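In the part that follows, the structures are each spelled out as structure tokens.
Shared between the two complexes below is subunit A, which pairs with subunit B and subunit C, respectively.
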Partner chain A sequence: MELAQFVKDFELQFEEVEPNSITPDTIFRDIDEWSSLMALVIIAMADENYNVKLTGDDIRNSKTVKDIFEKLKVK
Partner chain B sequence: MSNPFTLQNKTILITGASSGIGRATAILCAEMGATLFITGRKESKLNETFTNLSGSGHQKLVLDFENEDAITRLVAAIDQLDGIVHSAGIVDNVPFQFIKQKALDKIFNLNLNVPLMITRDLIKKRKLHSKSSIVFLSSLVGVGKTYYGATSYSASKGAISSVIKVMALEMATKKIRVNSVCPGMVLTEMVDNLEAISSNQLKKDEKENYPLGYGTPEQVANAIVFLLSDASSWITGTNLVIDGGASIH
Partner chain C sequence: MSAKALIQAISYYLPSNQLDNAVIETQFPEWSIAKIAEKTGIENRRIAADDETSGDMAVKAAEKLFRENSIDRSTIDYLILCTQSPDHFLPTTACIVQEKLGLQTSVGAFDMNLGCSGFVYGLGIAKALIVSRQAKNVLLITSETYSKFIHPMDKSNRTIFGDAAAATLISSEHGFAEIGEFEYGTDGKGAENLIVKNGALRSPVTEKEAVIDEYGNYNSDNHLYMNGTEIFLFTLESVPKLISKTVTKNNLNKDNIDLFILHQANRFMLQSLQKKCKIPNSKFYIKMEHCGNTVSSTIPIALYHAQNENRIQNDNTILLAGFGVGYSWAGTILRTF
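So, the complex of A and B:
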């Protein structure tokens, strides 16, 4: 499991962000398109691509994209 | 004067009685005088409900409805009924573009096919008395109010809310009534299992969308008992919304 790939997978879920504009340190709640639906999308993407079940609280307790990746890694 | 709200002299089947709404309904039905046949998947949880039933003569059967012979075993074990409450069910919370065929099949099987097949077999085997009442657990999502990630769940509940009308129509000649209750959010194990939703989101949802706050299993059970009793003898084909005012907006 690689951080760079996860950041790419994360970014791919958004429609309106510039390619390569999301980094590990991006505070995802600051992305205009972020919403409670996007939280569900990220959870479903992690399940589909990484076979890992994140929870809503995992997302809530994260600030950056890297924080989510760290939670993914330990599951 | 006879009390139309009583369940005395009625035998009622309740699925999903090991937890949440099914358990609260079983406990209340027994208090109202019914004799029960309860089912659940987990034996210890079903026993816990069973020991809390007042009155006597109740029966229980542990069944996993994902097993092929479960319905046959259930129908064979039942003698005669005056009511059914289909409370066994599951939920899923995945955005539309991520839904999987397998998960969709599972939720349709447990939430729709199983309760329909149980009812069909009981009717075919003439195990439902005339004037019986059948209550399905639909949901607010079954009648058009919905939320993110509810594709497969609302599809299964929408099917329930629609099929009860056909059943009510066809079963009227036998004087059997068919209704559903459509609860809003009730904090049960089912909601605990919705892990994709954070506890904070639930608090916010309750505050913003529920004038009377979230409901309890007992509040839903009260409405189910009404639909099982003769007090609702002129009500059939109805989706009864119970949601603390959530659908007012």
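So, the complex of A and C:
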């Protein structure tokens, strides 16, 4: 499980962000497109691509994309 | 020979007040409703009038069913009303509906309090009543006015839920589809994740002000609260299992299913489940853009449209799965002929 790949997978879920504009340090709540629904989209992506169940708390307690990756990694 | 339970007819009623995406856009301009709608698949919802109750909508749906299908109401010998937004604590709304519909006083009638799993549970009870020869023609009505529970500034829930009522006649003699075997499930651990906490006897309505969540939704314990992520995780976990257990219980395999009709929660959730269960588009039915998530009425509404669009043919095997608030879930099979 690689951070770079996760960041790419994360970015792919968004429709309105420029390619390669999301980095590990991106504060995802600052992305215009971020919404409660996008949280579900990320949870679905983690389930599908990584077979890992992220929870609402995992996302709530994260600030950056890397924070979410760290939560995913330890599951 | 054991008696069979058949679905004879379905109709549904939507209230006239519309809450479409243009209205939501004006109320919440900071919110990109168009983007959200691409994911939820919901363009419009109908909202019950201030003085319109679940009981009123149940009557309208049943009257439509009688009219559209030339059903003689005097043949109905059992009424089941599924609602979580009843007219009163007591009496049971089904009694009021019996009177308004002019059904025989010899009918059995009761309410059942279930949400998104309610239609499938209702079919299960209707079948049990018919097979045990307690009833011949069961009128199952699902009717819900969640809009009255939702905080006016709770944009997430207002975007998802719509009000509706559906009426289904289950009969021992006439129908287009036989009801198969059932699979059920319950897990009260999820109660807190979809709840209207106050207003009944455990906790009365309070004066406390609404709080704003991290996404800008207003909520209080007096209103409907949904923990979207927890509900989503619950469905990802339980619905694929429910589908395979329902298939097995009916001595089928997944390839035998011609059409999957799941509770129409929202398009994104449905497509996630579809992907997870590897169901092709041709066998997966989604119909909710015109009315949103109508709780226990989503499955009969989808069935109604699938039939009208000829997505349901003779000799088809259809899987129904309802799941949500409780947590509560149920699945069954319909066989058309």
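As a convention for this text, the second predicted complex is superposed on the first by the 75 of 75 C-alpha atoms of A that agree within 3 Å, B and C clash if a C-alpha of one lies under 4 Å from a C-alpha of the other, contacts with A are read in each partner's own complex, and residues count from 1 in each chain.
Assume a residue touches a chain if its C-beta (ideal position, glycine included) is under 8 Å from a C-beta of that chain, and two chains touch if they have at least 3 such contacts.
Source: prediction; values computed, not measured.
Undergrad: With both complexes overlaid on chain A, does A:Arg60 touch subunit B (first), subunit C (second), both or neither?
TA: both
Undergrad: Regarding the shared-chain residue A:Val52, is it in contact with subunit B (first), subunit C (second), both, or neither?
TA: In the superposition, A:Val52 contacts neither subunit B nor subunit C.
Undergrad: After lining up the shared chain so the two structures overlap, which partner does A:Glu33 touch, if you call subunit B first and subunit C second: first, second, both or neither?
TA: second
Undergrad: Which partner does A:Ile43 reach: the first (subunit B), the second (subunit C), both, or neither?
TA: Both subunit B and subunit C are touched by A:Ile43.
Undergrad: With both complexes superposed on chain A, which partner does A:Glu15 reach: first (subunit B), second (subunit C), both or neither?
TA: second
Undergrad: Once the structures are superposed on A, label A:Leu3 by its partner contacts, choosing first (subunit B), second (subunit C), both or neither.
TA: Neither partner.
Undergrad: Subunit A residues touched by both subunit B and subunit C?
TA: On subunit A, the overlap between the subunit B and subunit C contacts is residues 36-37, 39-41, 43-44, 47-48, 53, 55-56, 59-60.
Undergrad: Mind pulling up the subunit B residues that touch subunit A in the complex?
TA: Residue positions touching the partner: 93-95, 97-98, 148-149, 195-201.
Undergrad: If you look only at subunit A, which of its residues touch subunit C in the complex?
TA: 15-16, 29, 32-33, 35-37, 39-41, 43-44, 47-48, 53, 55-56, 59-60
Undergrad: Which residues, counting only subunit A, touch subunit B once they are in their complex?
TA: Its residues touching subunit B are 36-37, 39-41, 43-45, 47-48, 53-57, 59-60.
Undergrad: Where on subunit C does subunit A make contact in their complex?
TA: It is residues 31-32, 35-36, 39-40, 156, 214-215, 217, 227-230, 232-233, 236-237, 268-269, 272, 275-276 of subunit C that touch subunit A.
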